[in-house]
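Two complexes follow with subunit A in common, the first pairing it with subunit B and the second with subunit C.
So, the complex of A and B:
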């Protein structure tokens, strides 16, 4: 009996460990193979023990930089990201504050609308742009920056969550009353009392928005806008190794930024400030999908 | 909004505090924005998807779109069912393994942080990663071949859209499993040690515990996660398109017909397909949200 119990206990530990090891292999393998493709100039079929450590270099990583479209597409994507972040914050902070302070009855309606983008994935939204908005406002859709409002929509479910969580975590009413009783106007209250306390939520939602925009492919591709992901796909079709190298670089840059911002938001968040990046990423249905995007 | 108007009306007898009655005006930009850039385009899609070429309302375009692109629907549904089912099971297992592992303290936060990144990874970067791993010239392909498993000799192709599309499905699992981890982790944390002790005190085996307590508690999260993953996979465009712009999947077909539509074209085809897409998203996401509410019951 005792032996059976021991064996079972050991089995109970072996299975989860096995799951973790298999998962690690599955999730790391594509990244490693991508790194090898990008950094080693040896064809896969020639690869053997003799040349395993030969011809490694960073030359392929920088190849994309010489493409004329590299700079212009990256710049466009960065501008779109900035525009989307500003519009998101400008639209959502007042809305979420208003709901919290004055219109708690509107909360359900607002939250319902922030979940709507889940029902209309990017490929369906872009069909709406071409089928409904373009015939009515061709001048609008022909501008590259027309993507901004749609990117705000795509990011809405989690940007709203993040900002809302940040607002719930602070005592907005007390801050407003204190600030107003000291003679501050609404503008000063917002700027000097509320926004500094929402810093963590603002940083994380801005960052999430930016990653969505920098990875969004569907709408840009269908509307023929030359954004960075569109350039990446095109470049990879032309130069397999260069494309993989650029994809790896993109991934590393995004992850590094994510790590940095997790640190930025955690330092303050540790004292119980909610709406930080780590929390936004690990809570609820965060289908940001740059995939679906 | 309706409630707000009601509130306003009840205040008509007495003089309402001015700032209160006008506060709802502050929500106008938000709703107007969503109306313009989400609701109207979506209604426009459905409207055009329900118009025949001659301009009359009918359900016919929906039927036509389905029968004309039956293959794409079948491929999309198969991939989505497969990756949602596998993703749900494997994601739950992984979440459980990460949640119960005690030894490396950082393991759990590593798994959740990585899941946060990987669930949102996708599109072009993911496609390229899998080309480098499982393409004809992929490193994984070569390693498997050395180990005696020649994928390409058995008709495997990374960008093949047939049957369960093993190549694409494998790539999709890269974001499906992590998404499931994020969805089920709270539910797994909600499994209390005391339930397990209670079960064993009453003479229940580990198997009985899982069958009578563990799985019933996890079931709403797992089923909800399955629906979320199904929706996620069904609407995925970028990864499939980057693997092959000829991909025979519903989202890629929509883009194909859209780019053929030079606005003078009256074909309801892309809009009918997109209407199907919206309908499928609505059903599965509504199911997910309902089940999530149910799952949260045990988290209090």
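So, the complex of A and C:
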């Protein structure tokens, strides 16, 4: 009996480690390969185990920085990200609060509708835009910023879930009642009693929005906008190594930002609060934004 | 002077009637408890007073002024909630300060008031803590301080103790009573716990299915319940099946004088409700109802003796002074003092049994 128990205990320790190692290799090997291909000044066919540390340089990345379109497309994408974040928060926070407090019965329906953009491929969405909005409101789609509302829709499955998780984690109803009984109107209640307690949910949903915007390719392509992902694709076609280098850099920057925000959302006084980035990413049916080009 | 009045306040939620025209006057400085099971309308009444719900018809007055249409944040009422309602992002002191800030009081005055309140609830050294660093009882004390800080006209307490464990509940109950008496603030307290209601109220309003069944002092409600519902809900009750004869109730051949029986016609089958302390174990079998002891529960000063009566197999509890407690299985006789008994007309089936038996 004891023997079996011991063997089982050992197995319970070995299996998770094994899974972790396999998964790590699966994720890290391609990244390392990307890094070697892009950042090592060695002919591809010569890359092997003997020259692991030879001739590493950032010259490919710097080359990308000197491309004239680099700055302008990055700036446009950042602006689009900012606009999308603001519009998303402005629309979603009041909606989610309203649904939660006044229309709890509508919650399932709203949840379903916010998931739709995840099920409908962006290409179908953009086909609708071309078919309907372009002939009817040409002036609208001609602006670069016309992408913003579509990005809001694209990011909806992630952002709504994040905000919703944040709202669920606090007793919104009681907080509203308490605030109002203390003489606060709706504005003060939102500003002083609700938003600070949704902080981590707001940060994580902003981050998810930005990730979607900075990686979205299809819509921008079809609507002929030169966003950062367009530049990335173009540059990659022209300069194989430079493209990979830039993609890798984007990935690293995004990950660093993710780490930073996870740290930020875990501040004092917030213990036990939900809706932070980690919870949003691990909870629910969606795990990772997949709209990246 | 009347501090808070409900006049014919009616409220429905869809097909459900939460309040059937509530009439209630709360005097200045008084502590009134609305007591009842869940769904009886007590919380709805409180939320209407607070301005979180609005009545379908009827008027709510504070100090004689109609406030029926005033939104919650202009009502100047302090409220403590059942669930922990402190703002998690604010410290204890900031929580207490919240209502002072919304009233645009200047800073030094606010600071002074916050300190007063911290002293009042004896949490001075916790000023800088955050809600999640406090126990449930401490959180509710802060919530009380926060509600009282802006010097509200009325204090509304919505089951503030029910999330706490028994010991804390008892202490906090006393503390609420002390603070309420000290400040002389008119208070409307809502609870489903009769012990709480009996312990701290000046008057209790017992509610059932959207109606106020009885309004009276704790003693009145306990000693002279005006309806069978009140009798059953407040304290425990024994039920005896019998039939009315003049101002008595006959349980078979045993006649119990019950003043309340006079409201019913002779021959009416009734359920007679009498408290365990109005029952007595007697030595002579012909002076009471005979039965067998089924249980003995020692309670300190008193003992509850469970007796299965020979008559209709009815189970009753008899509260006796601790002393020579009977043994389970022994034969006893039970005398009933029906002076404070309440009669409720019984169902037909029961009537058939009791009349044929008689």
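We adopt the following convention: the second predicted complex is superposed on the first by the 249 of 293 C-alpha atoms of A that agree within 3 Å, B and C clash if a C-alpha of one lies under 4 Å from a C-alpha of the other, contacts with A are read in each partner's own complex, and residues count from 1 in each chain.
Operating definition for what follows: a contact is a pair of C-beta atoms (placed from the backbone, for glycine too) under 8 Å apart; a residue touches a chain by one contact, two chains touch by 3 or more.
Computed from a prediction, not measured in an experiment: that's the story for all the values here.
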Request  = Would you mind checking whether subunit B and subunit C clash or fit side by side on subunit A after the superposition?
outcome  = fit
Residue contacts with subunit A in the superposition, subunit B compared against subunit C = B
Request  = Considering only the touch criterion stated at the top, classify A:171 as touching first (subunit B), second (subunit C), both, or neither.
outcome  = second
Ask   = Is A:98 in contact with subunit B, with subunit C, with both, or with neither (first, second, both, neither)?
value = first
Request  = Go through the superposed model and pick first if A:252 touches only subunit B, second if only subunit C, both, or neither.
outcome  = neither
Ask   = Which partner does A:188 contact after superposing on A: first (subunit B), second (subunit C), both, neither?
value = second
Task = Classify the contacts of A:153 with the two partner chains as first (subunit B alone), second (subunit C alone), both, or neither.
result = first
Query = Using only C-alpha centres after the superposition, what angle do subunit B and subunit C make about subunit A, to the nearest 10 degrees?
reply = 90
Message = Looking at A:179, would you say it contacts subunit B, subunit C, both, or neither? Reply first, second, both or neither.
response = second
Request  = Give, as a whole number of angstrom, the minimum Cα separation of subunit B and subunit C in the superposed three-chain arrangement.
outcome  = 5
Task = Would you pull the subunit A residues touching subunit B in the complex into a rising list?
result = 8, 12, 15-17, 19-20, 23, 26-27, 29-34, 36-37, 43-45, 47, 91-92, 94-95, 98-99, 102-103, 105-106, 109-110, 113, 115-135, 149-150, 152-153, 211, 215, 217-218, 221-222, 229, 232-233, 236, 240, 243-244, 247, 250-251, 254-255, 258, 262, 278, 281-293
Residues of subunit A touching subunit C in the complex = 170-171, 174-175, 177-185, 188, 192-193, 196-197, 199, 268-273
Query = Which residues of subunit B touch subunit A in their complex?
reply = 1, 3-4, 7, 19-20, 23-24, 26-27, 29-31, 33-34, 36-45, 47-48, 90, 93-94, 96-98, 100-101, 107, 112-126, 128-133, 137-142, 173-175, 177-179, 182-183, 185-186, 206, 228, 231-232, 235-239, 241-242, 251, 254-255, 258-259, 261, 263, 270-271, 274, 277-278, 281-282, 285, 288-289, 292
Request  = Under the touch definition given earlier, write down the residues of subunit C that touch subunit A in their complex.
outcome  = 50-52, 71-79, 81, 83-90, 98-99, 102-103, 130, 132, 143, 146-147, 150, 156
